[in-house]
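There are two complexes below, and they share subunit A, which is joined by subunit B in the first and by subunit C in the second.
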Partner chain A sequence: MSQTPQHGLTRRSLLASAGAFGAASTLSPRMAWSQDGKILKIRSYSDIQILDPSFRLSTPEGDIMTAIFAGLANYTNGDEWNWRPVAVETLEQLDDLTIAFKLRDKIGFTDGFGQMTAEDVKFSIERVADPANESPYAGDWDALKEVEVKDTLSGIIHLKNKFVPLWSTTLPTATCCILSKAAVEKEGGKLGTKPVAQSGPYIMTEWTPKQRTILKRNPDWAYEPGGYEEIQIFPIEDPAAAEIGFEAGDLDHTWTAVSSISRLKENPPPGGVMLEKPSLAYVWMGINQDVPPFDNKQIRRAVQHAIDRETVVEAAYFGAASTSTGIIAPGLPGHREAVLYDYDPDKARELLAAEGATDLSVTLDILNQSERLAAAQVIQANLADVGIKCEIKQNDSGTFWTLGAKEGDYWNKLQLIMGRFSMQPDPSWATVWFTPEQIGVWNWERFNSQDFAELHAQGLIESDPVKRDEIYRAMQDLMDESGCYVFLTHEVTGVLHRDTVIPGLKPNGESLLPDFKPA
Partner chain B sequence: MSEAVSEPAVSRGKTARAALRLLREPLGAFALVLVVGVIAAAVFADVLASADPSKIAPRDRFMAPGMEHLLGTDQLGRDLFSRVLFGGRIALTVALGSTGVSLLIGVALGLVAGYGPRWLDNLLILLFDAIKSFPTVMLALAFVTLFGPSLTAVVVVVVIVNVPGYARIIRTQTIALKSAEFVTAAQSMGAGTARILRVHILPNVIGPILILASMDIPVVIAIEAGMSFLGLGVRPPTPSWGAILNDGFANIRETVWIVFAGGMPIILTTLGFTFLGEALRDIFDPRLKAR
Partner chain C sequence: MLDYAVKRLGLAVVIVSVAMLLLFSMIYLIPGDPASVALGPRATEAMKAALRERMGLDQPIWVQFWNFYSRAWMGDLGTEVLSERPVLTVVGEQLPYTLALVAGGITWSVALGIPLGCWAAVRRGSWIDRVVGVLSVAVIAVPSFVVAIYALLIFAVALQWLPAIGAGKPGDLGDQLVHLILPSLAVGLGWVGYIARIVRASMLEVLEASHIRTAYAFGLPDRLIIYRYALSIAILPTVTLLGIGVGQMLSSAVFAEIVFSRPGIGKLVYDAILTRNFPVVSGAVLVTTAFFVLLNLLADLIVGALDPRVRSSF
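This part shows the complex of A and B:
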């Protein structure tokens, strides 16, 4: 009895047909372009974990917070680092120790929390500075004495001492977002991922974790409106995936992988405009000095000598970025010309042999991104070359950004880590994360130097550019001497946007969401 | 006892005839060439590879195929041909190793379940069903979360996933044979349980399961490649087809050769083992040939 199906279609012929169809379908990829000028779709490199300015974890969170919580000031759109008032009518430095402010009179909080007042300014600023709150951004208000309320809308910020970075990295950042005192107290003293008492040009109306965040124009905002009625923000960790999203028409703006910059400048996708911005960010490999075998300084030094930084950066960024000499980028006070301990594999082997360190096996934790993986694989090969076996551990962003936290238990297993911190235009914003107070907060190498802390404090009050330059150079020398750091690059920032969009960007390419406009 | 003595001679004759029939079938011969080619490439990877598969040369990245690099180079300037050869070694090690282990455990458990007491059968069936109810990807993710990504993790996941299938088939056939006359005769002649299972039942149930196992090999290769693609399998710098495919995906706009290098061996090996399994099945069970 024949078992051939009546329709004559066998499983093999079906498979063959499906294969042919699949191959044919690749010849006509879907083309879809954003056609709506009212909605802006942009990518952020990480999702929201907290929407409290005092405890923010990433730049994309800060970008959103400055859009939904009016701050005293914000950076201006363009290629120069300047600030502009946001919640204030006036913001004026009267002398080295006093700054007077007067709030705009039509700024209100959502959710029925009333008008923004000077009392809210006092609460918000002192909350960041108060050591009891353990804000990682307390350093931004290191010099704060108090905020004096003069009347409903006016007040004076009093400083204990001169504070040089005030106008460059404190006032125009998310640290100076003004929160409703009543709302924060009602929430138990700390905000989570659901924003309350929003006050900026936009309000957040939806957050679907790992999928998207939606901001809409705040109907009660009486000043310069945001350029788009709605901004949809998609958290996409891998820039390569974001580039595909852009080309598919699903995004209007994205940071690109640094390794894609050359290709996209030469061949931008249809309707796309590629910009390259100098980055202040810094990428490094950290070595946890409290965990064996790296509790031995000579082994840390061997690792510094083992890493071929040029090749690491070349492999990760395809020649688009240069190696760095520290955490302070060119153009800022304190930028160095060279690192103290560079690639010298023979020296590395010599140090390891002197310490009797054979058959070392270590782990390198990285963020799950193609550039990081490429860099890590070169580091792995470099370490293997001097006899250290290195296992690469890839982490998603949610896991990665908690690895060295003192609240967890992984910090005492963490050995090598590849980090990248974004940066504001003052060297103190780079050094603040590596002070002893930051151990287990952002200082995951557990680098513990009182000399470094004292120099950091000096840098905050020193206004002589030459002396400041010396201070920050000396601080990076201390980092190098500790053996805890292998400085890799400052990257460059690749920005890809639709030609129907005028992006709102800081000089380093970071987003100013309310400043995006239709072309 | 003469039955047991004569059985190997019969098997050798059957095997030789089957091999000849396999070579006469165009699809079977093609499959055999593919499978032998893939295995030979993996076994002789050391000899065939033109470069160290892990040697990084960033300035040679994204080279197109040529005489120096037969399949081009990846984003780190590594020779793709060498990586594919050594990746094949990983894929086949995982596929053959884990399928073999699955087979051993599955056959043993299936025999015990089918021939053993009822309560043990029920217990094992419950265990098999519990394991089968887990989606493979979820099981892999859970396992990797607990024990970390590694080659061992891939093998263990595959073994856990495959054992219940083999065991169930062996169990069903064992139950059917348990009351067969030749088994009853052996029992009445005083043969022990172990001997009955090994000499009388196992040879009669192992054929179909071997065909099934050969058809599972491409599935296992795909699981290994999938896990490595997701970063849950083989760790860098060990070359793996899935990891090559992932590199290709990340750099698809720079060059298509990496995807080609990672994808083609998976396709060819999958086709080879699938067609080989189907050809074997057609030979041993011609009634199914037209399906």
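This part shows the complex of A and C:
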């Protein structure tokens, strides 16, 4: 026979405990963040869905993969888009079609998969490029012919044709994470959410879905160690929730909402440092040239002249972002100083009158986000000012991103659309979506220019920076001339971090996890 | 009692079946291509087609429904589109967080609502009664997301007593309880008002009953009469109300999970709808519906067991 222990819990003791707890809480506010350089708590805007470099779905997944799977290269921390070697001792372009690499000799895979070899490099790169594997990133290695293994650690990457973006948007990305051939084959050819054969400066030790991911320093990593012993990554979609989490001391680093940047710059939370990073993304209003009344180029031009881009961007981003001049951000080849057709409402009215366009009524489809709605409302007012009635249609992301698809039945009703595309640090990643072959895929304005397509192809193989600059400027001029585009902004990225942390960031504010360090 | 339980169970099965049909119809009427959303801008048409085939979206809708329906009754909710993990596993990982949140909400509502209602009834017409009445209406009227935001700003940001985000360290019960305080308050506060009001009304009715008047006439202590003889009867409607309240709290949990960045079924469904991850939406909503129906069944059975009149009227 057993006896239940008596705890003697009485109302008096309960009240006394509660009082003591309250008093203790008052005396010692929570200091949840680590200040000893051991644990870093940061936000990512989405959770892990897959940890296979060939099938990654989001930037945060790529950030984690480049920390746990050593890649050939990675971007450098700072304000310039440069790369640095990670798994390689040397990575050298021998000529336009060959790149030689030699692996570092002390990189091993966890889970008993041995040393990283040139055979693993060959497997990893050719796995992405092989059309049979259906990797969405196959285009990164479109120019690949084969990877030749010279010896255990050395090899040569052979290209079919010259491919200039290789060094800026393929080699330093998660596309070039090197996986263990044996491990992937053992897993049936595809990795899931449980990483195997990790090899980077960190290893992932815990993933609690929708809650947190924990990376710890890889004890077998023999090169530059990560700045923190442990990095805890919290998936928080809502930037406002993340800002509160930071102010409450639950986070050491977060991206903020663009609309919060001004407030946080003027009045940062105690111990907080607010940074603004130029974004490569671009936001524009597109005009579908295949749908009346915008099948008339003069009416498209009138809309270009009707939009006060400065006011639109001011209203949407509270002064934190500036207007853009195209789809290519400052700092990249092809950035222009000005658009060809800017705000001129008198000219817009004149054009509309000349075309006899009175009582026009159009629709503007947007994503249901506060910045887009604010921008759309100014556009609505601008259009009303020149006599065009505009109805704003808000869509959730699942619906929005299929509106202009040729498989659907809405592309021939779509008139005005406000889009935002993210970008890689090469201008070809901006122009690729507006070629004729993208009509009904991502080219929803149905802008159809063979000259544009030819220039895009030239840009991929032109290595002279001056000529490249001219090519991409000319392409944006063609977009402007078509009347299909009103370029709005490249936005800006707000980064809030604790003053005890030196963040590791790419020039656009994206994270380089191993580069975070205690101040 | 057995007859009553069988009938109620049969009704529960019908409700779940109808809910599945409605659910399936609704999610397939939502515009948007799941394959395009899931695979992103770099996917080729061939990749999208392959994913649609894998998801069964290339089949007639009635075939899709039959596949979903027949598998669901066997406990197979399919696999998550991208990670290819079983939906049951994905839902199972999130369900405990939501259940903890709802349990926390119920705890707040019962722990505060019953004493307040009881207190107001015993002091009928006094200033205490009036204050409780005003407070009850006030907390019912305030939406849970407003409670969540103000609770965050006061207790997490200004005072830094409690954490603002997350659900606590896995395996650390104390940390998880601390992380539960604010979200569960946000979910349960409105129900404090409902329960206080129903307990008060019910208590007033019971306190007028002849057996209570008799107890007073015999000179039994007030505390014994109120807590043992009156409250035990007056609390019955609260059990039924809580059965309904769980459904409401499950809805409120969506806001709490988003505002507090907590894992849970609400956030899972919200994210899955945005990404048109239909298997997860179907599985999570089905599990939640079944859970809600089962809880109501349980509440009915408890009330039936306590009150023979309910059994005989069914």
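The rule is short, and it goes like this: the second predicted complex is superposed on the first by the 292 of 519 C-alpha atoms of A that agree within 3 Å, B and C clash if a C-alpha of one lies under 4 Å from a C-alpha of the other, contacts with A are read in each partner's own complex, and residues count from 1 in each chain.
Please note the rule applied: contacts are C-beta pairs under 8 Å (C-beta built on N, C-alpha and C of every residue); 3 or more make two chains touch, one makes a residue touch a chain.
It should be emphasised that the depicted structure is a prediction, and the values quoted were computed from it without experimental measurement.
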First (subunit B), second (subunit C), both or neither touched by A:212: second
Partner contacting more residues of subunit A (subunit B vs subunit C): C
Partner chain in contact with A:134 - subunit B first, subunit C second, else both or neither: second
First (subunit B), second (subunit C), both or neither touched by A:368: first
Subunit B versus subunit C as contact partner of A:57, first or second or both or neither: second
Touched partner set for A:238, first subunit B, second subunit C, both or neither: both
Set intersection of subunit A contacts, subunit C complex versus subunit B complex: 238, 244
Sites on subunit A touched by subunit C in the complex: 25-26, 29-32, 49-50, 55, 57, 134, 136-137, 139, 192-193, 206, 208-212, 234-238, 241-242, 244-245, 247-251, 396-399, 401-402, 405, 407-408, 421, 433, 442
Contact set on subunit B toward subunit A in their complex: 54, 56, 58-59, 61, 75-77, 148, 231, 235-237, 250-254, 287-288, 290-291
Subunit C residues touching subunit A - in the complex, by the definition given at the top: 30-34, 36-44, 46-47, 50, 82-85, 90, 93-94, 152-153, 156-157, 159-167, 170, 258-264, 267-268, 271, 273-276
Interface residues, subunit A side, partner subunit B - complex: 2-5, 10-11, 238, 240, 243-244, 259-260, 263, 311, 314-315, 318, 368, 370, 373-374, 376-378, 380-381, 391-394
